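In C-alpha cells below, several structures.
You will see chain A twice below: alongside chain B first, and alongside chain C after that.
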Partner chain A sequence: MLAGIGFIAPLLAYLVIFYAYPLYENVSMSLHRFTRATYVTGEAPYAGGDIYREVISSAQFWPTVLQTATFVVVSLVFQYSIGLGLAVFFQRHFPLSVVMRGLFLVPWLLPIIVSATTWQWMMDADSGIINRLIGVVGSDPVWWLNSDNSLWAVIIANIWLGIPFNLVILYSGLQGVPVELYEAAAIDGAGRGRQFWHITLPLLKPVTAVTLLLGFVYTLKVVDIIWIMTTGTGSSQTLATWAYSMAFGKGASAVIKYSEASVIGSILLLVALVMGFVHLFVQRRQEAV
Partner chain B sequence: MNSRRRWAIAAGAVVAVASLAACGGGDNGAEEALTTVTFWDPYPQHDENSDWATYVEACAPEGMSLERTSIPNGDILNELTTAVKEDTAPSVVLLDNPAVPDAAVSGLLAPAEDAGIETEGPDENLAGPGTIDGTTYGVPIGANTLGLYYNETILEDAGVDPAGITSWDSLNAALQKVTGAGHQGITLAGISGEEGTFQFLPWFWGAGADLSDPGSDAAVEAGQLLSDWIGAGYAPKSAITDNQSASWDLFLTGEYAFAENGSWFAQAASELEFGAKMMPIPAKDGGAAPVPTGGEFAVAPTHKDNASAHYAAANEVIDCLVGAGNQVTTDDMLGYFAANGEERQQQIDADPIWEPWADAITSAEGRTTDLGPDYTAASGAISEAEQAALNAAGDEKAVRAAFEEAAQQVAQ
Partner chain C sequence: MSRLRSAPGKTLLGLFFTALMLFPVYWMVNVSFTDRAAIRDGMLYPHSFTFDHYRVVIADQLPHLRTSLVVGLGTVVLTLLVAAPAGYALSKLFVPGRRVISFLLIVAQMIPAVVMALGFYSVYSGLGVLNTVPGLILADSTIAVPFGVMLFSAFMRGIPREILEAAHMDGASYWRAFVSIVLPISRNSAVTVGLFAFLWAWSDFLFASTLNRDGGDLRPITMGLYDYIGSQNQEWGKLMATAVLASIPTAILLLLAQRFVSAGLTTGAVKD
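Right after this comes the complex of A and B.
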C-alpha cells in the first residue's frame, strides 16, 4: 500500500505542479483584477464574473470569435483535404516520390519566424511576388495585409504550414489499410474513385479524427505566424492573438490586461476541452461498432 | 477510493511540493555585501563580446563584478515586473522612457532620492519622463529622436530643393514631384503598438494635436496626411506592418526619396553611397514639428532584501555611465545624444553628422510628460487609429471615425 503511494507520488506531484496549479492560477486570475502593481502589492480585488461579462460584451469579442472560427475551420478543411490528396498521391511509388514527400515537410522544419517573414514579403502589396504573379494574369494587385484581407492572408500561410502535419499522419494511416481490400475491390470492378470513397476514407476514420482534433487544438492557439505577419491587426485578430496582446501589453493592447487575457485563455481551454470530449465520444462510438 | 488512501496521496503530494519549495531557499533578510551587481539593458544587438558589454562591465563598483543581461525592448518591463515580485530584480535597468511612468506607479522602481541617484544635469525636456507626480525615478542614459532623412540623388533628379520643404504642403508637393519622376516617396513605420505611435507623434503634434484629445480636428488631419500618402502611393502599403528597421531597409534600397527615422541611424546614413541627409520633420503650417524623445532611463528597481546595498551599487554604476564627463563616451557608443546640453554640444562639435539634429533634440518632447502613466492607454488608442487611417488609404470618413473612436477609448 505505502509502496504504491510512493510510486504514484512523483507523478502526482508533477501533475499538481505543472498542470493543476497553473490552471488554477489562470482561472483565479480571470476572477480577480490583476494589474502590473498586483505583482508588487499583491492587491487583486475579487471581481467574480465581472471580467468575463466585460470581455464578452466588449465590441471586439464576437467579431474576434467569428474570425477565430473562420481561421480554424477554413485552415482545417484545406489542410486536411490537401494533406489527404497528397498522401493518396504519394501512396503510389514512383521515382523520386520519397524525395518529393520529404520536400513537402519543409514548412514543418523551417522556424516559423523564417516562414512567416517570407510570407509577409511575398504578400507585400507593392513589390511582393504574389502580386506580381497576379499582375501577369492581368488582375489588380491585392493589399493582402490590409485590415480587411489580413485574415485570409494568415489563413493561406497557415494552410501551407499545416499541410505537412496532415500529410505525414494521413500517409502513415494509409499504410494501415490492407492492400488486399483494394485488390478485391478492383476485381469487383470498383474504379479508383469508388475505392477512395468506400475503402480509403472509411478506414481512415480513426486517423482522421485524431488529425482533425490535434489540428483543431493547434490552430486554435496559433499566435506566432499571425503575430509575425500582421501583429494580429485588423481581421487577423483571433482569440489567441488577442489574449497574447493583452497579456503582454503588445500590439493593439498597449495597456497590460492580465485578467482579461486569462478570461480569453480560460475560454480557449474550455473550447479545447469540449473538442477533447467530442473526440472521446467519437472514438468510443467507433470502438462500439 | 478509501479515506486512508486519499489521505496518503494528499500527504505524498504535500511532501513533494514542500521538498521542491525547499530547493528555492529563503533569504534571512540580513544585509550582506553584494559581490555581483546585475544590470539589464534592452540592447540585444550588442552581444557579450561587444564594446558596449566591455564598457558596461568596467563600470562595476570596486570589488564587485557586473553581470549584464540583454532583454528585447518589448519584454523588459514584463520581465522586470516578475523579477521585482520575486525580489530577484537587477540593481540597474535601462528602461525605455515611455515605460518609466507605468513601472513607477506599479511600484517597480525606487525613487531616485531613496536610491541616492544624482538627477541634476540632464536637460528638462529629456528628463521629463523620469518624473511622475513630482517624484523622480531615474536619469536618461542619453536621448534620440526622429528626423526626415532624404535621398540627395533622388531629390536632385526630381528637381526638388530640400531647403524648400518647410511645411506639409511643400512636403506633399515634393512627394508628388519625386513620384512623378518615377521614384518612390517616403518610408515610415506604422506598425501596431508603441513604435508606430512614436513615429506618428511628429505629425500628430505638428498638426497641433494634443495627446489628451486624440479625436480633435488636428489629430484627424495628421491621420489624413498619412492615409493620403498610402492612397496616393507616396508611402508603401507595408507601412502598416513595418517597424523602424524594416522601413529603414526600404530607404536603403535607394528607391525612396524620404524616410522618417531615428537619429540612431545617423552614422549609417552618413556612409550611404546615394547621399542621405537629415532635415527636421516639418509641422503642418511650417517650421519644425515637435518630435518625441526616445532612449532609455537608468533606474533602480525596488528591492526587499539588501535594498541599500543594491541602491548603492546602482548609484555607482549609473554615475559611471551618465555622470558628468562620462555621458559622451556612453552615448557615442549607443548612437545617442548626451542628455546634458553642455556635454551634447561637445559631442556635436566633435562629429559633424550630429549637426542637423541639434535643434531637434533640444526641442524634443517626452511622450509621457503630459499624461504620465495614462500615456500607455492613449498611445494604444492612437496606434489603433493610425493603423485604421493607413488602412483606409485616403478615405476621409474612415480616418475621422478612427480618431473619434480613439478619443472615446481614452475618455473611458
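Right after this comes the complex of A and C.
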C-alpha cells in the first residue's frame, strides 16, 4: 500500500499543481471581474454569475455556438466516413498497402501550424492552387478565407487533419472482425455491400462509439488550425478560438477580456467533464457485453 | 483468379488516394524550392528551382530550432519521470482510488488547451515564469503526461505477476523491481511515450503563443513560423521552407519509428 502511494505520488502532485490549480484559476477568473489592471492593482471584485450572464446574452454567443456545432458535426461526419472507407479499402493487404497506410499518417503527425499555413496558401484567392484547379473546370474563384466562407475553409482543412486518426483506429478495429464471417457470408451469396452493412458496421459499433467520442472532444478543442488560417474571424469563430482571442487580445477581440474568456473556458471544461462521464459509460457498457 | 487481377488495380487506386492526401505536403515542399518571382505561377513542380529560401530561413530560425529541441527533450524527460512510476503503481500496486485517478486522466486529455493556457497564464504571471523555457516545458508536458500514464499502465498490466513476486522473494524492494525489471521490459512503451511527448511539444503552438510570446530566441520553431505569417508582406517561399524545417521530426518519426506511432495512436481508443 505504501509502495503504491509512493509510486503514484509524483503523478498526484503533478495533477494538483499543473491541472487542478490552473483550472481553479480559470474558474475563479470567470467569477471575478479581471481586467488588465488587475495584474497591477490585484483588484478583481467578485461578480458571481454576472459575467456568465453577460457572455451568454452577448450578440456573439449563440452564432458562435452554432458555428462550433457546424464545425464539429460536419468535420466528424466526413472524417469518419472517409476514414472508414479507407480502412475498408486497406483491410485486405495488397502490394504497397502497408507503406501507403504509413504515409496516410503524415497529416496527423505534422505540426498543425505547418498544415494550416500550407492550406492557407493553397486557399489563397488570387494565386492559390485550389482556385487555379477550380478555374480549369471553368468556375469562378472562391474567396475561401473571407468571413462568409472561412468556416467551410477551416472545416475542409480540419477534415483532412482528422482522416489519419479515424483511419488508424477504424483499421485496427477491423482487424478484430473474424475473416470467417466474411467467408461464410460470401458462401451465402452476400455481396461486398451487404457484407459491409451486416457484418462490418455492426461489429465496428464499439470502436465507432469511441472514435466519434474522442473525435468530438478533439474537434471542440481545436484552436491552431483555425487561428492560423483565419485568426477565427468571420464565420470561422468557434468557442475555443473566441476564448483564445479574448484571453490574449488578438483576432476578433482587440481587447483583453480575461473573465469573459474564462467563462467560455469553464463552459468548455464542463463539456469535457460530461464527455469524460460519457466515455466511462461507453466503456462500462462494452465491458458488460 | 479475380484477386490476382484486382491487386494491381487496388495498388493503383491506393496510390491515387495517397497522392491526393499528401498533395498539401507536396505543395509545401514544391513552393519552398520555387524562386520568389515564380511562386504565384502555381507550377506543379519547382521549375525555377532555388535554395535561396532555405539559406535565409536556416539562418533566421536556427535559434528557434534549438529552443524547440531543448523544450522537446525537456518535455520527454519530465513526462517519463512522472508517467512511468505512475503506470507501474496503477497496474501492479495497490493504489487507493485507482478508478478515480484513471477517470481523471481521461478527463485531463479532454480539457481544451486554451483553458489550460488561461490558467497557466494567470499562475505564471504571478510566479514570474512567463517567457521562460522551463515554464513552457511544464505546460507542454500536460499534453503528454495523461497519455503516458495510460500507455504505461496498459502495457505493464501485461507483465506476469510471477516475475515480480520472484524478485520480491529474493529480497528486491519495490523500487529495485521497478528499475531492474519493469522498466527494461517496458522499453518500447517508453520509446512510444517519449516520441509523442517530443512531437507534441515540438508542434505546440497554443502554449508557446500565450506563455512564451515575448521570449525572443527562447521561443520555439512554431513561433518562428508564426512570425513570418504575421509579417505584412507574406513571403510564401520562406514560410514554406520554415514549414518544411518544422516538419523534420515528423519525417524522422515516420522513417524510423512507424510501429511505435501506430501503437501510440490506438492506445485508449481500442481495447485489446
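Note that in this section the second predicted complex is superposed on the first by the 261 of 289 C-alpha atoms of A that agree within 3 Å, B and C clash if a C-alpha of one lies under 4 Å from a C-alpha of the other, contacts with A are read in each partner's own complex, and residues count from 1 in each chain.
Please note the rule applied: a contact is a pair of C-beta atoms (placed from the backbone, for glycine too) under 8 Å apart; a residue touches a chain by one contact, two chains touch by 3 or more.
Owing to the predicted nature of the structure, the values given are computational and were not obtained by experimental measurement.
Look at A:I5: by the touch rule set out above, it reaches both chain B and chain C. Applying the stated contact rule after C-alpha superposition, one finds that A:L273 touches chain C and leaves chain B untouched.
Shared-chain residue A:L86: touches chain C; no touch with chain B. By the touch criterion defined above, A:L66 reaches neither chain B nor chain C.
Of the two partner chains, chain B is the only one touched by A:N146; chain C is not. Ranked by how many residues of chain A each touches, chain B and chain C are led by C.
When the shared chain is aligned, chain B comes close enough to touch A:G234, but chain C does not.
By the document's definition of touching, of the two partners only chain C reaches A:L220; chain B does not. In the superposition on chain A, A:G251 makes contact with chain B only, not with chain C. In the superposition on chain A, contact of A:L201 is made with neither chain B nor chain C. Within chain A, the residues touching chain B in one complex and chain C in the other are 1, 5-6, 8, 10, 12, 39, 120, 126, 248.
Of all residues in chain A, those touching chain C in their complex are 1, 3-8, 10-12, 14-15, 18-19, 21-26, 29, 39, 86, 89-90, 94-97, 100, 102-115, 117-122, 126-129, 132, 160, 163, 165, 168-169, 172-173, 206-207, 210-211, 214, 217, 220-221, 223-224, 227-228, 240, 243-244, 247-248, 258, 261-262, 265-266, 268-269, 272-273, 275-276, 279-280, 286. Against chain A, in their complex, chain C makes its touches with residues 7-8, 10-11, 13-15, 17-18, 21-22, 24-25, 27-28, 31, 39-40, 42, 81-83, 85-86, 88-90, 93-96, 101, 103-104, 106-123, 125, 138-139, 141-142, 145, 149, 174, 178, 199, 202-203, 205-206, 209-210, 213, 222, 225-226, 229, 236, 239-240, 243, 246-247, 250, 253-254, 258, 261-262, 265-266, 269-271.
On chain A, the positions that touch chain B within their shared complex are 1-2, 5-6, 8-10, 12-13, 16-17, 35-37, 39-41, 120, 124-126, 143, 145-148, 229-234, 248-256.
Within the complex formed with chain A, the residues of chain B that make contact are 5, 8-9, 12-13, 15-17, 20, 74-75, 77-78, 81-82, 84-85, 102-103, 105-108, 191-194, 236-238, 240-241, 302, 376-377, 379-380, 383-384, 387-388, 391, 393.
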